[in-house]
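Common to both upcoming complexes is chain A, partnered first by chain B, then by chain C.
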Partner chain A sequence: MSRKPYVRKVSKTRWYFKHPRYLRYMSREVTCFFIGAFALLMLCTVERLSEGKAAYESFIAAITGPWSALGLTVVLAFALHNTTSWFNVTPKAMPVQIGEDFLPGKFIVGAHYAAWLIASLLILYFAQVI
Partner chain B sequence: MKTRMVQMEVLRYNPETDSEPHFQHYDVECKEEWVVLDALNAIKESIDPTLNYRWSCHMAVCGSCGMMVNGEPKLSCHAFLRDYEGVIKVEPLANFPIERDLVTVADDFIDKLKRVKPYLIPKKDQPIPEAEYKQTPAQLMKYRQFSMCINCMLCYAACPEYALQPLFLGPAAITLAHRYNQDSRDGGRDERQEIIASNVGVWECSFVGACSEVCPKAVDPAGALQQVKVASTIDWFKEHLLPGGGK
Partner chain C sequence: MAKSNKPIVWSLFAAGGTLAAFLAPVLVLLFLLVALGHPPALLGYDQLHAFAAHWLGKIFLLAVIVLFLWHAAHRLRITMHDFGLRQDFLVAVIVYLVAAAGSVLTLLYLLRI
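Let's look at the complex of A and B:
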């Protein structure tokens, strides 16, 4: 008897439409474009800051406006999605075993949110916002 | 006992006569408590004896009867008919070539499993009559979850990385390597790292997490792979930053 295994083709561009879990994954992965764009904006801001106060203030004025606010809101939404989706899976990557038991995942996730809050407060403090 | 007619669309493929697979419709009288595997057995016994599929234990232990049920990787002995409405579509496990009907070619998985050396490689040989390899309950718990894998390959059928990059070792093979790496009696991690930390190993995984969602034994392969990534990263830093490569 001859063998003739049949190989089913997988679409390289549309595979993630096959199941909601793949779309969920892609929604997390796509956040990198928005975070990358914001990182570039930050780099440009720092670069203009290094050129002096006038250069910095003219740059800030140039990117201030309703469209900019809308864009930054979108970036913030994607950044929050990126952060929360990664924080929520941290117990898988770094389980903490105590004796025969494992620390419940909520404590590991909670520690990440706590560190995020503390880092944010420190930045706001040094930026003299609070 | 209560029965009902269940409509099933089963993917058929005969390598001797077909150029590609096609769906065949069956109306099967099923008992309420049956699983998909029971319905397939009823088809084979009473309607169409030419239908081919693998199964053995009928109790989610042997891992042979994995197939796609309505597009989801399932053990057919663990997929209860009462959980489905309308036509039930049954296909061979995704991401594997079809040998015949619902039977897939599992050679690729078996080869990959062998490559990760999924067995104990003792740190040093000690004759059993003189000294057994002891282990505390805490040491057992470190790897116990990963030892529950039954090699059913559902995780491979769910993994889009494996679908797109067939050289990827895949979830179960790396999880089983991790299971032995975590075992206090084992000394074979360096040998396994050569393959699981290679370019076809754990770095092909982008943490979709589908493997853990479909695992019928709650093994969490996605967790195992992320832990291997963390351990491999620590290895890299030790090798490049510590004097003597951290040995």
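Let's look at the complex of A and C:
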């Protein structure tokens, strides 16, 4: 028997450029870089806060400026991408059954967006932005 | 039955992802306002210190930072594999160690406030 098995050549490092669907998957996955970086930024904030007023205020001065604004805008874009992609799969992740039927996905997704809006407004109010 | 740590890290990933979905955009926005030179009143030293000094503020900050870290760590582990890095054990050890160290440090800093 001399059969040649069919071996598909798939690049280990660039496979996600083959199809838009794979690229969308990767765009969701890479949001973790930005969520992780932001968690580290908050960790630094808490660290400086624990060191006293002078240390904290020099930290705030250090993150003021156009480059950190640019960086945080990118982080914000990926954070929003995480939010929308996370909410849009909630009907699959936690379907709600009522009797024989399932609650239509749009209600589950809509409830998440509504709660997100309220939570965001509450935090903006608490931070005295609005 | 084989033991696996997957349920633990996966539940931290899911909890962190959900919390990040709800809170990350608005929290990033607060820092973006700082970067733009319009810091929100909450991020002034006195107000943030008072917030973090209260036990409720401590719990909020601890939950946000720790769950964001574990969420990012677990997803980063999977993403490294997707980017072609086939060293899962090494990657897992590094990302979970960073998340664990960050969690402990967050707790220590908060307890100092």
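Note that the second predicted complex is superposed on the first by the 120 of 130 C-alpha atoms of A that agree within 3 Å, B and C clash if a C-alpha of one lies under 4 Å from a C-alpha of the other, contacts with A are read in each partner's own complex, and residues count from 1 in each chain.
Note that a contact is a pair of C-beta atoms (placed from the backbone, for glycine too) under 8 Å apart; a residue touches a chain by one contact, two chains touch by 3 or more.
Only a predicted model underlies this, so the values are computations on that prediction, with no experimental measurement involved.
Chemist: Is it chain B or chain C that touches the larger share of residues in chain A?
Modeler: After superposition, C is the partner touching more of chain A.
Chemist: Return first, second, both or neither, reflecting whether A:Glu29 touches chain B, chain C, both chains, or no partner chain.
Modeler: both
Chemist: Return first, second, both or neither, reflecting whether A:Lys53 touches chain B, chain C, both chains, or no partner chain.
Modeler: A:Lys53: touches chain C, not chain B.
Chemist: After superposition on the shared chain, which partner residues are touched by A:Lys92: those of chain B (first), chain C (second), both, or neither?
Modeler: A:Lys92: touches chain B, not chain C.
Chemist: Between chain B and chain C, whom does A:Arg21 touch in the aligned arrangement: first, second, both, or neither?
Modeler: First partner only, chain B.
Chemist: Quick check on the superposed pair: does A:Leu72 touch chain B, chain C, both, or neither? Answer first, second, both or neither.
Modeler: A:Leu72: touches chain C, not chain B.
Chemist: With both complexes overlaid on chain A, does A:Ser120 touch chain B (first), chain C (second), both or neither?
Modeler: Only chain C; A:Ser120 stays clear of chain B.
Chemist: After the superposition on A, what does A:Lys12 contact: first (chain B), second (chain C), both or neither?
Modeler: both
Chemist: Take the contacts of chain A with chain B and those with chain C, and give the residues found in both.
Modeler: On chain A, the overlap between the chain B and chain C contacts is residues 12, 16, 29.
Chemist: If you look only at chain A, which of its residues touch chain B in the complex?
Modeler: Counting only chain A, the residues touching chain B are 1-8, 10, 12, 15-16, 18-19, 21-22, 25, 29, 89, 91-95, 97, 99-102.
Chemist: Note which residues of chain B are touching chain A in the complex, please.
Modeler: Of all residues in chain B, those touching chain A are 13, 15-16, 18, 20-21, 71-72, 94-95, 97-99, 105, 137-138, 141-142, 160, 163-164, 206-210, 212-213, 220, 222-223, 226-227, 229-230.
Chemist: Flag every residue of chain C that touches chain A in the complex, lowest number first.
Modeler: Interface residues on the chain C side: 16-18, 20-37, 39-43, 45, 48-49, 52, 61, 64-65, 68-69, 71-73, 75-76, 78-79, 82-84, 86, 102, 105-106, 109-110, 112-113.
Chemist: So in the complex, which bits of chain A are touching chain C?
Modeler: Answer in residue numbers: 11-14, 16, 26, 29-33, 35-36, 38-43, 45-47, 49-50, 53, 56-57, 60, 63-66, 68-69, 71-73, 75-76, 79-80, 82-83, 86-87, 112, 115-116, 119-120, 123-124, 126-129.
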